[in-house]
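The data blocks that follow each hold one structure.
Paired with subunit B in one complex and with subunit C in the other, subunit A is shared by the two complexes that follow.
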Partner chain A sequence: MSGKRKPDLKVIIMGDYAVGKTSLVCRYIEDKFIKHEPTIGAAFFLKQWGPYNVAVWDTAGDERYTGLSHFYCRNAGAAILAYDMSNPQTFESLWARFMPLLNSSTEKCLKIVVGTKMDLIPPEERDITLEEGRKLAHELNEGLDISKLACEPYFETSSKDGSHVSEVFECIFQYCLPLSGDQRSKFGLSTSTVDLYEKEPKRATAKKGCC
Partner chain B sequence: QKCDGFVQPEYKKFSIDPQITSFEMLQGILARAFDIKGEFMISYLAKDTEDQDVYLAMLSDWDMDAAIQCAADPCLRLKVDLKPFEEGLDDWDVIAPTDIPQHKVSTIADKGSILYSITGTISSQIGRSVTSMQRAMGFRGDDDFKPCKPPMSDSEFHNYLDSVGFLLKPQEFRLGIYQGGIEASLRRVAWRHLCNIYPANMTGRERFDYMKRKEKEYYHLREEWKARFSSDTATEEVKYVASMVKKDVLRTDRGHKFFAGSDDNENVVMLFHILVTYALTHPDVSYCQGMSDIASPILVTQKDEAQAYLCFCGIMKRLKLNFMPDGAAIMLKFKHLGLLLQINDPEFYAYLQQICAHDLFFCYRWLLLELKREFPFEDALYMIEVMWSTLPPDPPETELELTDSDYNVHLLSTSPCSPTFSFQQTVYAKLLAMRRLGSAQKLVEDTKFNGHNEEYDASTLTECSITVSEPSIKDELKERDEGLLELEPESDQHTQFHMSLEASGEATPPVAEQSTPKSDSGGFFGNMKRMLSSPKPIETPVSNSQSVNLPSPEEFGCGNPFLMFLCLALMLQHRDYIMSNNMDYEEVAMHFDKMVRRHNVHKVLFMARQLYTEYLRTQ
Partner chain C sequence: LAQNTTIDREAAKLDRFKQLFDEPNIDLDQLRSLCWSGIPKSVRPTAWKILSGYLPPSLDRREATLERKRNEYFGFIEQYYDTRYQELHAETFRQIHIDIPRMNPLIPIFQQKLVQQIFERILYIWAIRHPASGYVQGINDLVTPFFVVFLSEFIDNDIELENCDLRELPKSILDIIEADSFWCTSKLLDGIQDNYTFAQPGIQMKVNALHELIKRIDAPLNTHLENHCVEYLQFSFRWMNNLLMREIPLRCTIRLWDTYLSEVNGFADFHLYVCASFVDYFSKDIQREKDFQGILMFLQNLPTHHWKDKDISELLAEAFKLKYMFADAPKHLNQKS
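After this line comes the complex of A and B, so read on.
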């Protein structure tokens, strides 16, 4: 019980109710997909990443809790803004509800936009295009140097089948908690997750880093 | 060891390496070994101070360390208990003890008492060490915390009724529940009284007729919105509320047998109906996450949609303040809880201050849901009824209102019926359109949602929860806000109730025999204090002069003072652990997050009753 350290990074997850915020964290941390009860206030997870401790704050989505989300944003190094790809309104919420919160309290905070429930929506039926998603992600990070970011700050995921979930977190950790190649191999971390993501034909044209 | 009611216990033996096994892994191993699908509790065998065998709860890695270090055998013995389901399978109401002899309809065969527990033993080949056991939370067995009074039974309940079912002693009735809860089979009937759905002075027959009439009224209200769905004339707002409720009921207490199984489980559908009907007939409150947690235990207990709706309305009369967008009631509760902690345990309060956690925001779920999620489901029912029993009776004057006064059925199919979601709808729609036209950035600049204060205090929460810029709505919210802080003018009634609670003890049949009260403040609470007093006083006794500074019972905790003491008890039971581990804000929050459904209801109520008694004494 002794010798524990304070978290080196705080990641906060925000987004409308029932977009799958808790499911995203649980898929990443526990690698399982189960039904979660509605989060009230916030839920907290700790993750060891290499030599670092990361605290993940999973917040409630209900609009009436926005006030608390604002409080939970304090000192966040990165924010995941999640929306449900099968429900375009949740995408607009990011922009209407959460952007103002983040701008005020966390200028240096890396913002990653994450579409969830990709498995629910056939590509031809999607309302929010990949470009729209990326555009929002870049707008959110204005004023932040994301040239060192190894990937686009935008992901489309499915917590149900696990697609691109760990990539989200890897991308954040690599940016906020840089590790040398030696350190990575020492802690048994893969060095290729981002590359795997880039190999997908759909995203083959994606530019690395900031536009 | 696995026992399943009448089935033989099952034993299994394992080896684990304490160096590499975490508590979570252990849970996983046990779940696989005994093929357990649901929730279960682990306890471990240890010796108490008198060298008696006791099973202590194992809830964390830390408990597991303690268990391993104190293992009395060369192996560690663990017991695994599935949380039992109480299927109160009774569908009945007390009309009158005499006039209708057998109004008792058992809908399902009586298998309700099957307590299935799986008890298991694991061994791990570890060396003995008895060192750090002293740190464990105490050696008292659970039994020491159990209330002295048995849960209220049917026959005890009849003591409070006269021959035509008139509830003669509403306060003694509550006192009886406060002391020991209610038997599962009586809950259905007793909760209706605690939920304040009946006007005062009704006979059993009148209550029965009243229920029938109100049930019809409910089904009528439900039909009003359902009809608009079938004819596809429901407004976007109505559909939005329904979709939001649906998402939540599909993930509320699904681990409980009552709501388990497929998504079209009829009980899940009932919960959906209740919440949508409430949201649409109460446009000011509408639906908000957390309400499904409030309604769920009520439905599980009532087992009938309409009756559960009535109870839910009764409870929401008080609780809707928690769900108001202005957040004022919740902020006031945070403030009161902080004050209480500061007075009771200045050391712990100072510690929280040091880690910037004295805002107590980690207690948010506790306050919002009145601790419903903090205990295993069946224990939560017990905690809820004890807490409700401390609230003054608040019967409707003529009859229970099933809708808000400004509910207008025509709004379901014509125009928006709630400022909250109509605002959201229109603004999102507007934003979406403008954004696609590329001029949206300006709109955001214009509306700029007030949420920019770095400093966090009550006013900020209020400000930034109101994502409304139209002055009219904002003013209205502000008015409500102001009204809130000066609590409803029912203080006379409240005070009287609390005082009579104090005075009524001697007349109460179920109270244990009287010994001489040591002062005039004795009476019921004198008895109760003796009844509940522990050999070792709780670590930081309240000094009377200080707790005088607490708000009066009718104000404290926005009219639910006992909740404050329950929350205090939860914190006090973990304060040593938190401080000795030098936890920071995140860790404290995470620690309590992990305790969801794991607190020991008897320990918490035991302590809360003590603290509450002490408080009432000074008021």
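After this line comes the complex of A and C, so read on.
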């Protein structure tokens, strides 16, 4: 682990302003739900995944910063595309604004669509259905072999109560930097979902890139 | 004894300010050199308004100007504020309306509805009057120092300012603070508008210039950053976009702005030298970090929570040296960008 100067995986979080990108990553990494100032440019977070270091870049949602997002997309192994489940316009932005951005910069990047603020919207008032969400997620990943993905590339989360937040990240990490059941228990990671993950053969090398 | 000297020196400085303000025509150069090293609290609101170019140097025009400009601002409100729900502007307003309650979450005064509404009006009016940039996240922060300084004039004890209840102030006073904050923020933004126009060329240019500066003044630091794949854009974008406000406590920003306002193009040109001395200040700590993530984490959470005016003064002294060294050779910095 020592001697490595760069993280082993780079994950970028994108989505419209105020959809809760920073809250999502803070819930996962610090297990906290607090008020955040609007992110300027991008913020860097680090997460240990077994023997690996994962860089998480939480980008700012302001449209003015779209040019910067290109810069942060470079060499990203995975992208979280977040939208606010109580605001359908933010879902549209994912394909209108962020899909072109990702297509041009990262072919082999895994894309995970994440609905946020699930706690704010009663199921019967939802504008975006689960099927629509999954459909977009699959379209985004066209050309990428996601048969090895242990989950749907689509999640619905609440950073407030923590629902499904860690699943998002662990699904990504397990896909990009697979750990065996033994490794998972050695590093104190939950092995409850290990059955799912065991279906996939171990892959020797992790993606590398300058974060 | 040392403390007495400091008090004497401050009293003398205050006297000089009062004399200067009473002159029929303020010598701006004299005011700038007096303000550069920090402005006493009690005269700061007036000094900032004059340095901003909002108040005229001529004493007998000042009152009339204030009245005219304040009326003009409330004329804008009357004329434009109702457009905020129209299709053309609804998105601009929505973003401001969502951003404002998220500002300064740790300072109680900014949680007050009344304060948030003042900020919304200031930013909305500015945004629709400046369509080339419009509202960009970060601009909201730049209103804060003006608002706090102009408010301080009407609060007995400064210590309570962060907690004071604005509902206790008469509307006429709140209007004055709002209009003055609007105009001074506008003046500031006039000088850095290319930071916020399409593709943010001002910021790109300054990030590159910072890189060039560090290469010259602290080559080992630059090499360390490059060896670890740290790019200047990754940490200094926010420094440029928010004028270091996210990196230092508000009280330090206010002290910093005393000097920015005293410099010609302080928020654009001199800010670059301040950023260079800022990163250089932490050079040893950064070089102690031995991987990409350690460097980034450190740069993103610099230990400045305890900073006081004294720390800012040291930073500014270093920045001044840099300006002196490079000001005659600005081409050196622009060549590669």
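Criterion: the second predicted complex is superposed on the first by the 187 of 211 C-alpha atoms of A that agree within 3 Å, B and C clash if a C-alpha of one lies under 4 Å from a C-alpha of the other, contacts with A are read in each partner's own complex, and residues count from 1 in each chain.
Rule of thumb we're sticking to: a residue touches a chain if its C-beta (ideal position, glycine included) is under 8 Å from a C-beta of that chain, and two chains touch if they have at least 3 such contacts.
Bear in mind that the values here come from a model prediction, so they are computed numbers and not experimental data.
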item	value
Subunit A as common anchor, with subunit B and subunit C clashing or fitting	clash
Contacts of A:44 with subunit B and subunit C, given as first, second, both or neither	both
If touched residues of subunit A are counted for subunit B and for subunit C, the larger one	B
Partner chain(s) touched by A:88 [first = subunit B, second = subunit C, both, neither]	first
Partner chain(s) touched by A:10 [first = subunit B, second = subunit C, both, neither]	first
Touched partner set for A:77, first subunit B, second subunit C, both or neither	neither
A:97 touches, of subunit B and subunit C: first, second, both or neither?	first
Subunit C-contacting residues of subunit A that also contact subunit B	4, 6-7, 17-18, 35-38, 40-44, 46, 55, 60-62, 64-65, 67-68, 71
Interfacial residue positions of subunit A with respect to subunit B in the complex	1, 4, 6-7, 10, 17-18, 35-38, 40-46, 55, 57, 60-68, 70-71, 74, 88-89, 92-93, 95-97, 99-101, 103-105
Interfacial residue positions of subunit C with respect to subunit A in the complex	95, 98-99, 102-105, 136-138, 140, 196, 198-200, 227-229, 233-234, 237-238, 241-242, 246, 290-293, 296-297, 300
Subunit C-facing residues of subunit A, complex	4-7, 17-18, 34-44, 46, 53, 55, 60-62, 64-65, 67-68, 71, 210-211
In the complex with subunit A, residue positions of subunit B that touch it	62, 65, 244, 247-248, 250-254, 288-290, 292-293, 323-325, 327, 359, 361-362, 364-365, 368-369, 373, 420, 424, 427-428, 431-432, 435, 440, 444, 448-449, 451-454, 456, 460-462, 464-465, 467, 581, 584, 586, 589-590, 593
